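Both of the next two complexes hold subunit A, though its partner changes from subunit B to subunit C.
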Partner chain A sequence: MRNYIGNEITLMQYIFLIHGIQVGAGVLQLPRIMAEKVGMNGWIPLICGWLLSSAASLIIIQIMKKNPQSTLMDLMTTYFGKFIGKISSILLIIYFSIVSFTLIQKSILFIQVWLLPGIPSYIIMFLFSVPTYIIARNGIRIISRYAELVFFLMLWMPLFYIVALNQNHHWVHLLPLFKNIQQGLMATGSTIVSFLGFEVAFLFYPFLKEKKAASLGIIIANSLSLLVFLFVTISCFLFFSPDEITQYYEPTLSMLKVVEFRFIERMEIIFLAFYLFILSTTWIPYMYSMAFCTKWLFNKGNAKNYLLLSLIFFIVIMYFVVPTFPGNDLLSEFYEKIGVIFFYVFPVFLLIYSFIYYRIRGRITK
Partner chain B sequence: MKIFKKWVKQNVNSSSKNIGDSEVKMISKSLSENLVNLYALFKDTPDLIVRHLEIKKGNKQAVLIYLSSLIDKDLIHEHILYPLINNDNDTEMHSQSVTIGKVESSSTWKDVELNIFQGKSILLIDGQTEVMILDTPGWPQRSIEDPQLETSLKGAHIGFGETSDRNIALIRRYIPNRQLKITEMVVGERSKSKVSILYLEDVANPELLQELKNRIEQIHVDFILNAGELEQFIEDSPYSPFPQFISTERPDAAASHIFQGRMIVMVDGASAVLVTPVTLISFFQNVDDYGLRLLSSNFIRMLRMVSFFIAILLPSLYISLISFNYELIPIKILLNIGKYRSEVPFPPFIEALIMEISLEMLREAGVRLPAPIGQTVGIVGAIVIGQAAVQAGIVSNMMIIVVSSTAIASFIIPNYDMSAAIRLLRFPMMIIASWFGIVGIVIGLMTIIGHIISLESLGTPYASPFAPIRFPEWKDTFVRFPLWKMTKRPSGARPIQVKRQRTNGFRRDEK
Partner chain C sequence: MKWLIICSFLLFILTMLSSPVGRPLNLEDVSFALVIGVDLDDENNLIFYTTSPVFKPGAEQENKVFKVNAKSIRQSREEFDSRGTGLFSSSKAQVLLVGKKLLENPRWFSLIDVLYKDFKTTVNPRIVAIDGPISNIMNTVTENQPINSMAVKSIIDTSYLRGETVKVTLQELHRQMFDKGLTPSISSISTSNDIVLTGSTLLDEKGKYSIELNKLESCLLLMLQGKKLDYSLDIPILKQKENNSIQSNILSMNANNVKIKIKTQYINGKFNFSIDMSMYVMLTALPPSYESITSIPKLEGNINKELQLQFEHLIKKIQKRKIDPIGLGLYARAYQNNEYEKVKSDWGEALKKSDIKVSVNVKVKTMGAVK
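Our next item is the complex of A and B:
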């Protein structure tokens, strides 16, 4: 068992860490995806996704509760032995590296399309890696503080939507409220991946100071994210007509084009630039998770060196393979599939296994 | 590398040998032997006075030794020499006949040497192996003046001097409490500077105090001249642009920090004291804030916050809006700016750089020059930076406005170190803005925020109460709540006694 004390995070930091990971680049396209799949009833799959993700996160907390001082890798080692523990850490490293790469790539693509059209992606990657390294090298405590601060720093962002809605909104777009429930339920698959991010509880549960409130915290985090998703989706639905919305690639941003002042125009550009803060809270914890798992695997060295290596590696990849939206979508689909299997399906089995494990062991020790 | 380390080690060894000559020797019983030792120690020291005298009581031979430059002559004449020579008290204790407050004794030459240099006089008596160390300091010192760097509006107009005894007295005047403890240490192999740590024992966190002591103890250098040098040896991140200690010249400010559970490090010979542990926000607080009326002090506080962001961001925002993200500006304003900019041959970044650097040069020249010439610099600067540069077509009018408002904003921040840090950060922000526009600014901000969050002052979070967020302590951040609402000490310094007052005054009844 390794010692994780001395680097504790508070409940609030834990909530905003998970919430920060969940809300990211996906929000920019979410309303369009919802509209394409279920029309204007996009809120149904969101709520279903929230239910499922909350259930999954509760299961994760239940699993972690039994060994409050261990991460997922420690847990796998206790349950299945050293070899499986190592395998699990390798799988996690692969998952986290793909996720963080995809997310950074997606952010870079958005930035390139909207803000920096002429600049090659590896340079933007280099630009991103500076704050990423500065924040993530100090460990989970600083990352959570950052996530917490960013949440409060960016509270003004919804105001933009209210200003935009003020200019143009039609409640009638939402009606009928329950048009195609069946379709809505079918589309839940595409929303549960938006809630991915609670899986870091597997790694960072041992760092949480108030462990009793862990379940409550993770539910709050999920609910906050649901609120953000609902807010964005519904404001886009109110703003655009059902046919119009599918024509925009990122309706969340396009909607803000109507916000203008006497002294400044194109507010969506400023919005997106500051949205980088929110984007950064998704990839920074993932990058750190990757470094954390790598350190666990080798059981030596410093996590920040692995972080630096992977950042350099990302820059090199971006130099040779120019990112594109289709390629990025493929990567996203890939990691989402892995994510669903790893963190929605697998925990159920792990929970059952742990029940059996402790039942048997309890019998032996008796 | 190894050879270099060896070489350093050798050098350190040899230098400590030179210093350590007198360390082991004890005072001998014979006066003449002692005098031989003394002259061996203090060769070529013309201001060393060795006064032979005969103590009236018991007719003993004695010698009084002091450095004439460091002592108070009247004190020695009237309170040491006169009573020793004339007094015929019945007592055997010579310390009784000397009419001086602080008298110590010692039996090693090391102490004798150290004390002579601290302005004390040494009485060697024939046949005794213990010397008397008499406290007779009287070196030249400055009278108490207004602090130079921090002007006080409503607070006390009194500043620290260069003698730590007197500085401690100034603080004691504000904290007449027996919980105010002073820990003394000596730093510097040669300079032997006295470093004192002042704190309230029942408030300051003992772990932090121990940490501070450890850090100071581990300094092994030749000399420490001022608090700024000490600061660099004990701060957490020396490569950060942000100061991790507040250095202040005002005793009332220092006392207020002590009351908040912080610790003061005072270096003898320096007129500024260091405050630790600090948070970012404490650089924007000023003792005067608490003395001013509530609304006006809040207005000033917010002005400082705004100017912090203006000082960091304004030039880079201007550069990015003009050269990169011009689609953000409405066409009317853009045309207006373009009219002025059309005569300027440089890109906005170079234009800003020229102005910023010339402004910094003017500022530095103004600081270093004596006051009468300093004014001339100001006039020359106003002409050069102002109208002439615009008419010559080197810079545009807009840039003048941007640069000068940035400069003013950076001078509003009350702490010199912090305002220097902010002025420095402006340049990387300008560079990144000229390359990546508004994205660059956001990334720069992200880096600065990330850096501030990860900074620590003596192991406590520097960005508290923002990261980690502690909402109850926001009472004294962007705005200052009324004094009677701030019942708790800020937890940034992790005080062991949190509560500092009751909700006070007649207003308690209103609830």
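Our next item is the complex of A and C:
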């Protein structure tokens, strides 16, 4: 068992860390995906997704509770032996690297089409990697503090949506409230991936100072994310007609195009620039998780060197493979599938296994 | 190791600086297309107009007008580029003028599709139907407005405050075009003699020109749409013909606090809308026939009757043409969803068959400063 003391995070930091990971690039497209799947009843799958993700997070906390000083890889080693432990860390490294790569690529694509057309993606990647490295090299505590700061810095953002809604909103769009419940329940599969992000509890639970409040904290994080998702989805539904919303790729941004003040136009561009902060709280923890798992696998070196290596690797990939939206969508679909299996299905089995494991071991020690 | 990282870092910055990207586009090299005008000429060729401001103190013309023939907006931009000194950008467009002749062609909307697709363009330009040659508007120099695009924009924005015309931006037009329970309505300006706002133009579900509304009808339409504005209404009371050029048979009032309730029912195979409207009015001119009325409830009753007559007239007009600028389809979708789903592909026909009743409830706030 390894020692993780000395880098603890408070409950608040833990909440905002998870919330920050959950709310990211997905919010930009979420209203469209909901409208495509269930029309104007998009809030039903969101609430169902929240229930499922909360259940999954509670299961993860239950698993972690039994060995409060170990991460998922340590747990796998205790339960199944060294070999499986190593394999699990390799799988996690692959997952985290795909996720962080996809998310950074997505952010770069948004920046390219809305803000900086004509700047190649590897240069934007380079510009992103400098602050990412500066924040993430200091470990989980600084990352969590950053997430907390960003949350409070960005609290003004909903105001813009209210300004846009003030120009044009139609409550009748939301009715009938319960038009297709069945379809709504079926579409839950596409919302649970929006809540992915609670899985970092597998890695960072040992760092949490107040371990008793871990369950409460993760539920609060999930609920905060649900609030953001609901707010954005319902604002878009009020603003766009049900027949037209599916035509916008990023309704969340397109909606802000109408915001115009006497002294400034094109607010959505400024908004997206600020939105980079929110996007960064998604990929920075994921990149750090990747470095963290790599360090665990080799059991030597420093996480920040692995982080630097992967950032350079990303820049090189961006140089040779120009990112495109369709390619990025394929990547996200891929990681979402893995994520659902790893963090919604697998924890259930792990929990059952740990019950049996402790039963048997308890009997042996008696 | 550290040296290696620093060296590669510096190398990267060097390559970045030397790479031919991020060439800035200077403001002097951009021509802002403030007005985009599209029309058909006599031989049915598309003509595009634009104006761009000239940033030069003491320049003779404050803005330069361009007119080209092209097949699409994109192509017209290339033509403009080869005529103007800078690269044309529509990211600051203020108004989009569409000729009435072009509106007769149901495919005109596909022309402006590029404005929605491009990330750089704004969705805020007001869209205006132009009756008469567009060149008149482009070449007119208005005295107190330096740029004629601003003049058109402020005509619409200020008239909208009194409810004389609808204010529809590109974003709103997109909604009205694609929502199946709603047909578009845009502002209209006549340029035949003078540049005058004439009211609103209604389009059918495909975007084809359908009918024009005058200012009073636009006002009633906005009320039915539930817009919160300070309306100013001039209702002609048709009792007897007068030869005097100063008409006294006009009931003038300002209406505000317009509240609207729409009840939707489905009875005997047709939709049934009952629209309840309440508002506060300030009377500004009364026709002679009203002067004898002293009791306020009776006065209110008379005004209600006049308004109801006007509303019914307007509703008959739009039902006849199978269009729905009010957006009753939205209510049908919300409250009678099962029935609406059956007819949504041909909502205009269903609306034509449906019963629409308007009842107005006016509260007189003041009779004016003098009796």
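The working rule: the second predicted complex is superposed on the first by the 366 of 366 C-alpha atoms of A that agree within 3 Å, B and C clash if a C-alpha of one lies under 4 Å from a C-alpha of the other, contacts with A are read in each partner's own complex, and residues count from 1 in each chain.
Assume a residue touches a chain if its C-beta (ideal position, glycine included) is under 8 Å from a C-beta of that chain, and two chains touch if they have at least 3 such contacts.
Quick caveat, the model's predicted, so the values are computed rather than measured.
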Item to check | Fit-or-clash call for subunit B and subunit C when the two complexes are aligned on subunit A | outcome: fit
Checklist entry - After the superposition on chain A, what angle is formed at the C-alpha centre of subunit A by the C-alpha centres of subunit B and subunit C, rounded to the nearest 10 degrees? => result 100
Next on the checklist: I'd like to know which partner A:Val232 touches here: subunit B for first, subunit C for second, both or neither.
Outcome noted: neither
Next on the checklist: Quick check for you: in the superposed arrangement, does A:Ile108 touch first (subunit B), second (subunit C), both or neither?
Outcome noted: neither
Checklist entry - Where does A:Ile44 make contact in the superposed view: on subunit B (first), on subunit C (second), on both, or on neither? => result neither
Checklist entry - Is A:Ile98 in contact with subunit B, with subunit C, with both, or with neither (first, second, both, neither)? => result neither
Checklist entry - Which of the two partners, first being subunit B and second being subunit C, lies in contact with A:Ile278: first, second, both, or neither? => result neither
Checklist entry - Touch check for A:Leu75: first (subunit B), second (subunit C), both, or neither? => result neither
Next on the checklist: With both complexes superposed on chain A, which partner does A:Ile119 reach: first (subunit B), second (subunit C), both or neither?
Outcome noted: both
Checklist entry - Of the two partner chains, subunit B (first) and subunit C (second), which one does A:Arg266 touch, if any: first, second, both, or neither? => result both
Checklist entry - Can A:Ile33 be said to touch subunit B (first), subunit C (second), both, or neither? => result neither
Checklist outcome for this item: After fitting on chain A, the minimum C-alpha spacing between subunit B and subunit C in angstrom comes out at 6
Next on the checklist: From the superposed pair, tell me which subunit A residues show up as contacts to subunit B and also as contacts to subunit C.
Outcome noted: 119, 265-266
Item to check | Contacting residues of subunit C [partner subunit A, same complex] | outcome: 5, 8, 12, 16, 19, 21-23, 91-92, 119-120, 122-124, 169, 171-172, 174-175, 177-180, 182, 330-331, 333-335, 337
Item to check | Complex contact set, residues of subunit B against subunit A | outcome: 325, 327-330, 333, 432, 436-443, 446-447, 449-451, 453-454, 461, 463, 466-469
Checklist entry - Within the complex, which stretch of subunit A touches subunit C? => result 113-114, 117-120, 123, 126, 168, 170, 172-176, 179, 240-244, 247, 254, 257-258, 260, 265-266, 308, 312, 315
Item to check | Touching residues (chain side subunit A, partner subunit B) in the complex | outcome: 10, 12-13, 111, 115-116, 119, 124, 127-128, 130-131, 134-135, 137-138, 142, 145-146, 148-149, 152, 262-266, 269-270, 273-274, 276-277, 280
